Amino acid sequence: MTPRVKEILSWYGADNPGTLTNLARLLNHGRLGGTGKLVILPVDQGFEHGPARSFAPNPPAYDPRYHFELAIEAGCNAYAAPLGFLEAGARDYAGDIPLILKTNDADSLRDDKDPQQALTSAVADALRLGCCAVGFTIYPGSAHETAMYGQLRAYAEEAKRNGLAVVVWSYPRGAAISKEGETAIDVVGYAVQIAAQLGAHIIKVKLPTAHIEQDAARKVYEARAIPIATPVERVRHAVDCAFAGRRILIFSGGATVADDETLLDEFRAIHEGGGFGSIIGRNSFQRPRPAALALLRAAMDIYAS
Amino acid sequence: MTPRVKEILSWYGADNPGTLTNLARLLNHGRLGGTGKLVILPVDQGFEHGPARSFAPNPPAYDPRYHFELAIEAGCNAYAAPLGFLEAGARDYAGDIPLILKTNDADSLRDDKDPQQALTSAVADALRLGCCAVGFTIYPGSAHETAMYGQLRAYAEEAKRNGLAVVVWSYPRGAAISKEGETAIDVVGYAVQIAAQLGAHIIKVKLPTAHIEQDAARKVYEARAIPIATPVERVRHAVDCAFAGRRILIFSGGATVADDETLLDEFRAIHEGGGFGSIIGRNSFQRPRPAALALLRAAMDIYAS
Amino acid sequence: MTPRVKEILSWYGADNPGTLTNLARLLNHGRLGGTGKLVILPVDQGFEHGPARSFAPNPPAYDPRYHFELAIEAGCNAYAAPLGFLEAGARDYAGDIPLILKTNDADSLRDDKDPQQALTSAVADALRLGCCAVGFTIYPGSAHETAMYGQLRAYAEEAKRNGLAVVVWSYPRGAAISKEGETAIDVVGYAVQIAAQLGAHIIKVKLPTAHIEQDAARKVYEARAIPIATPVERVRHAVDCAFAGRRILIFSGGATVADDETLLDEFRAIHEGGGFGSIIGRNSFQRPRPAALALLRAAMDIYAS
Amino acid sequence: MTPRVKEILSWYGADNPGTLTNLARLLNHGRLGGTGKLVILPVDQGFEHGPARSFAPNPPAYDPRYHFELAIEAGCNAYAAPLGFLEAGARDYAGDIPLILKTNDADSLRDDKDPQQALTSAVADALRLGCCAVGFTIYPGSAHETAMYGQLRAYAEEAKRNGLAVVVWSYPRGAAISKEGETAIDVVGYAVQIAAQLGAHIIKVKLPTAHIEQDAARKVYEARAIPIATPVERVRHAVDCAFAGRRILIFSGGATVADDETLLDEFRAIHEGGGFGSIIGRNSFQRPRPAALALLRAAMDIYAS
Amino acid sequence: MTPRVKEILSWYGADNPGTLTNLARLLNHGRLGGTGKLVILPVDQGFEHGPARSFAPNPPAYDPRYHFELAIEAGCNAYAAPLGFLEAGARDYAGDIPLILKTNDADSLRDDKDPQQALTSAVADALRLGCCAVGFTIYPGSAHETAMYGQLRAYAEEAKRNGLAVVVWSYPRGAAISKEGETAIDVVGYAVQIAAQLGAHIIKVKLPTAHIEQDAARKVYEARAIPIATPVERVRHAVDCAFAGRRILIFSGGATVADDETLLDEFRAIHEGGGFGSIIGRNSFQRPRPAALALLRAAMDIYAS
C-alpha cells in the first residue's frame, strides 16, 4: 500500500473496511496501481447509442470478452459495463480486473427533453458478479432528478452496507439547461458537488468549458475572479468542488476525437489540474486493438508522470 | 450433453447451476434437442389480440390443452404462454415439455401511442408451475420503457436467483418510432443489444427489414458498409448485436403468412445467418393440427440441417 | 363429491388442495350443490351506486344481516360483498354460507371516462373472515387497466398461495370503448379471455349482445361465421373464450328488470349455452324477500334442470 | 358493561378482542360512559386551518395540554388529534382519557379542486402512544379518492390486526361535487355507506341538509318518499345508511356557531334521529374554558337523556 | 443537567430515552450548553446553491473539514449537513460535536414553481454516522407537500424508533404562495404548527415579516389584535404556534447580510421573543474564519444573556 493510496483511503473515514478494500482494489490495480491515479475502461455505449454505432467501427468489440481483455491487457484500473456485458465475462475473467457494474442506463431510441435512466441491475447483481463498485448515472437539472437522486440514495446505502464502492456519472442535462450549459464550468462544478454530497466515492464528469450557464453563478465567478480560462484551471476548480480534492474525480473522454494529440492534451490538463484520471470508452474500444492499447498506455504514462 | 450445448452453456458463466440446468432443459428437449437450435410454441395471442381473432381460425385452439399437445407432438423445445393457459395444463402435462411463463402482457382493447405491458404473473408463479424460464416483453422506444426495463430488472434478478432462465421479447415501438422503423435493421439490432445488456438468456425479435430508422445509425451502416441487403445478412448482423452470437437469439414468425414457402425461406435465412431458431405462434396454432405439425417439423428440419 | 364437481375441479390442476377445497365448497353448497352450476348473491351496490339507490326499494336491505339470510334461505352457493358488509355478519353466520370478499370497489360520486377501482380490502381480510374466495373487478379497455391487472396479479398470487379461490368481475369500459361496445360479443369474449389468462377460477361478465365493437374482430366473426345471433349462441361463444369451457363462467343479472320472464329467459339461455350460472344482485335484494326467494329459486330450478 | 354497550359490541363480530376492548374503552369512558353515546373532542384545526385561526380566539388553546385537560374535565369519551398534539401530552395524561390518533391531515395553504390528505402518522405511532383508535379522513368524490381508500384499507387492516379501532371522517368533496352537494343528504348518506363498507367502526360526517345532489339518487328519494325534510329525519336516514344503525355514526359540530341554541338543537336532532353523538371541536376549544365545559356538558345531557 | 434542559426534555414525554438522550446532547453541547438555547452551523448550500456560490467567498470552505472545525471551535451546539459532507469528517471528528444529517435536499439547476426535495440519505445513514438527529425540509404550500409530509412521516417514525431526534426545516413556498408570503407572519406561524403537528422535536423557520398572506388569517389577526408589529412580537407569536413554546423553535440566518448589527438585532429579537436560537450558515462560513468565529460567539453571547 503506497502512502498516496493510504492518504486517499483516509478521506473515506465513514466507510466500512469492505468498501475501503474495494476502493483499494481499484487504486492498486493495473499500470497506475498505487499512484492514486485511475484509467478506467467503460463500455455502456451498446446500450446508450446502440450496437452498430458503438461496435461497427471495430467489429471485434461486439464480443463482450473483447473489452475484458482490452482492459486487462492495457492495465486499466477497472472495467465498467452494464449487467449483460459483465455477466458475459465475470466468470472467465474472475479476479483479473476490478469490475464496476453500471446499474442504470438510457437508450437513444427516444428523445426526452428531460432525460431519465432506467434501473438495469441491482446491488445484489454487483455482489454476485464479484464487482468492487456500482456505477450510477444522475442527470442534475432534469425534471426527473428528484427520482434519480432518490434511487441513488437507496443504491448507495445498500452498496456501502455491503462493502462496495459507489461511482457516480454526473451529467447535467434537461429542459432548464442549454446544450452549451451541459459542460459549462459552473454547471459541471455543481454536478461534481451534488454527486459528492450524495455520497459518491468516485465522481465522473465531462471536461468543462469556460462557459458559465447560470447568472447567479456568474456573479461569483467574476467577483471572486475564479480562474477558469485554461483547461488546467477548470480541472483545478472542479477538483475544488469535489470537497477540496478529497473525493476522487475523474473525467470522461467524450466523443471520438480524430486527433490523439488533442486527447493527450486533455489528459495532461486533467493530470496537471489535480484530476484523478480518465474513463476512456469510445476513444479506446472503437479503434483497432493495438491503437487502443497505445492510447490507453499513453494516457497512463501521462498520469504516472 | 452435446458439445454444442456445452458450448452455449459456457457463455452463461455468471449464472448459477439452477439456471444452467433450465437452459439445458430448453436446449436438450424435443426434435432439436442437442443441436443448439430452438423452435418454441408461444400462445399469448388470446390476451394480445383476443380469443376470436386468435382461435376461431382453428377452434380446437380455444382449449388450453391443445397447445400443450401441439408443442409436445411437434417436438418443440418449449411452450410459452401467460399464466392462465399454463395453469390449465401444468399438472396434466407436467414433465412433458419445458414451459416458459409469459409474465407480462398487453391487450388490444385500447390504443396507446406509447404502449405498455401489464404484469400478469410473478416469478413465484413460474416456480410453482415448474417452468424453466420466465418470459418478459419490453418495448424499447416507448415512453414507458423506463418502467418496463426496471420491472424486467427486478424479475430477472429474482428469476436468476431462483434458478430460472429469462427470455425477453424485445419489440421496439412507441411515439418516437415509425411503423416501418419497428422492424428496421438498426432498431432491431438495438433492441437485441438492450435485451442482452439487461441480462436476457434468450432474446426474441422480429425478422428485420433493410430499412434504417435513425440518422445517427445510418451514418455508421453506410460508413462501415455493414451488409444488410439480404435476410441472411440481417440475421447475421442481429446475431452480432447479441454479444457476437454469445446470447441465444430467436425470431418470431410474425403475422400469419399465406404462403408457407415464404415462411420456410425465413427459417432458412435465420438458420444460415446464425440465428438460433424460431418462435412460431399464429402460423402454427391457427392452422389445422396436421398442417401445424407439418410446418413445425419443416422448420425443425431446416434448423437441424 | 359428484362426478361433475370432480370434473370441474380437475380443470384446476395448478392449484393447491386449499384452493380446490374452497372451490368445492362453492360448488357443493346450497340448492345447486353438486350440479356444477352456481347462483351467487352479490351486494356491492351500496358502494357502487350508493345506499339509497340500492336499498330504499326494499328497506330491510340496509341491514347487512338481511343479505346473509337471503342468500342462506334461498340456498345460494355463495354471498359476495365488500369488507364492511362481510365484517357485519361473518361471525353470526359463520359456516352458514360460503363468502366471497370483494376486494376492490368504485363509487359513483365522480365520473371518469377511464374508470378505476380502489383497493378496499386485502387477502388477509378474506382469510380472517373465513371467506372461500376473493373477488376482484377489472376494467379491460380503461387507461387504468395496466394498474388493475397488476393489482389482480398480486392479489391472485397471494390468494392462491393461501388456499383461496379467485373470482374476477371483468367489465370492459373506458374511453376507447363505446357504451354499446361494453356488452359487445367480441369485447365480452375478450374480457372473458383476459380474466382467464390472469388466472381467475371463476369469471363474471355481462350477458353479451350481438354487437361487434372492433373492426379487427368483426373480420374474424364474419369470415369464420361464428354463431352469435341468439343469446344461447353468444353464451356458447363466451364459454369457448373461457378456455373452451374449462373455466367457470357466470353472468351478472344486470340492471333491475321489470319483467321476470325476460330474466328467466336469460337464465335459460345461459344454461342452454353452457354457462355455469348467475350472480343476481339488484333483481333479488331490491324486491321483497318472498319475491326475491321466488326468483332465486326459479333461477336455481332452471340451472338444476 | 351495560347491556347497550354489549349490544353495540355485538355488531362488530369480525373484530378481535383487542379491538373490542378499545371500542369498549371509548364507549365506557366519561360522562356518557355506558350509554352508547359519544361526545369526542377533536383538535386537528391547527393543521387544517392554521394556528392563529384555530387558537387565537382562545389563546390557552395554543398549548397542547389545554385540550387533554378540557376533554378530561368535560368528561368526553375521547380526545382526537394529529401526532404532534398527542405526543405532547400522551405521557402526562396517560390513562386519563382514550385517545384517537388522526393519521392523515390537509392544510389550507393551497387550494386543490380535488383535495387530498397527507399521511402524517402511522398505526405504529398510535400503538406506542397508547391510543385506542386511529382516525382517517377520506374525501369521497375527489379525484384522489382511489388513493385515499387504498391508504385507509392498509391502515385499517394494520389497526385491526393490532387491536385498534378505526374512526373514519368521511367528507365528500372534489371537482364533481358542488359546494352545496358536500352536505346534501344523498351525498352524506353515500359517504356514510362508503366508510362503513371500508370497515370503519365509527363514522363521522357532517349534519346533512335536505338538498339532493345526484339526479340518479333524486329519483329514488322521490319514488320511495324517503323522509328527509327535518334534521331528525335526515339523521335517521344517515343512520340507516350506516348498516341500518349497526355502525356507530357521529356528527361533526361544523363551523363555529354564534347561537348555542342552534347547536343544542342539532344535538337534539342527532339524538332523536338515532345518531350516536357528536364530535365537537371549534365550538368547544375556541371559547373560554368554562363556556366550553358548559356546552360540552349540555351536549352530554342531551345525549344522556 | 440544568433545570432548564430538564424542563425542555419534559415536553417530549412521548419519546423514548434514546431520543431524549440525543436531544440532551444537542442542548448540553458547546458554549450554550445547558442554557436551553442553540446555535447550529448548517452547511447544505453546496447542494442547494452550488459550490462556487457557496464556498468561493471563503475558499477554505470547499473542504468539508473546515465546517466541522468551525462549528467545534465556535462552540456550536451542532453541525448539520448532507450525507457527503458528514461522511467526509464523521470519523475524524467523532465525538467532537453533535451532528444532524440533512436527509433531503434540492438543487437550483432547475426552477419549479412547486418545488420538491429529493431524498438524499436515510435514517440508517444517520445511525451509522453517529448523528443525534435527522434534518428534513418540507415546503408547506407546494403541490408536492402531500408527498413530502408523507416522507417525513416515515423518516420521523423510523428516527424516533431508533432513538434519534427530528429537526424540520419548514419553508413555505409553491405556486399558491406569493414571494412575500413565504415569510408572512401567518404563513410562517402556520409552517411552525405543521412541523410541530408532524412530530418535529426542533423546528427551523425564517424570521417572519409583518405581512399577512391569507385573507382567512388576516381576519383573525385583526379581530384578535395579535401583536405582530415588531420582530420580538412576531417571534413570540411564532413561539406560540410551536405548541405555546413547548417545541424548540429556531430561526435561520437567511441570506448574507452586509451589516452585522442587523444580524445581531435579529438574534436579540429572537432571544427576547422566546425563540430558542439560530441556525447560521452563509453568514458564518462565507466570511473568513476569525470573523465567523466572532459572529457566532456574538450570537451565543446574546443567547446566553
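Annotations for the structure displayed:
The letters A, B, C, D and E name the chains in turn, as written, and every chain counts its residues from 1.
Here is the rule we go by: a contact is a pair of C-beta atoms (placed from the backbone, for glycine too) under 8 Å apart; a residue touches a chain by one contact, two chains touch by 3 or more.
Treat the numbers as computed from the prediction; the structure is a model and nothing was measured.
Shared contacts of chain B and chain E, meaning chains that touch the two of them, come down to A. Note on chain A versus chain D: their Cα superposition corresponds to a rotation of 145 degrees, in steps of 5. Each chain gets a centre from the mean of its Cα atoms; for chain C and chain E, those two points are 57 Å apart.
Our note on geometry: chain A versus chain B, Cα centroid distance of 35 Å, whole angstroms. Contact with two or more other chains is made by no residue of chain A. The chains touch one another in a closed ring; read from chain D in the direction of chain E, their sequence is D, E, A, B, C. The part of chain B that touches chain C in the complex is made up of residues 46-47, 49-53, 55-57, 59, 62-64, 82-92, 105, 107-111, 116-122, 124-125, 128-129. Within the complex formed with chain A, the chain B residues making contact are 11-15, 140-143, 145-147, 149-150, 153-154, 157, 161, 172, 174-177, 186-187, 189-190, 192-194, 196-200, 214, 216-217, 220-221, 224, 226, 237, 240-241, 243-244, 246-247.
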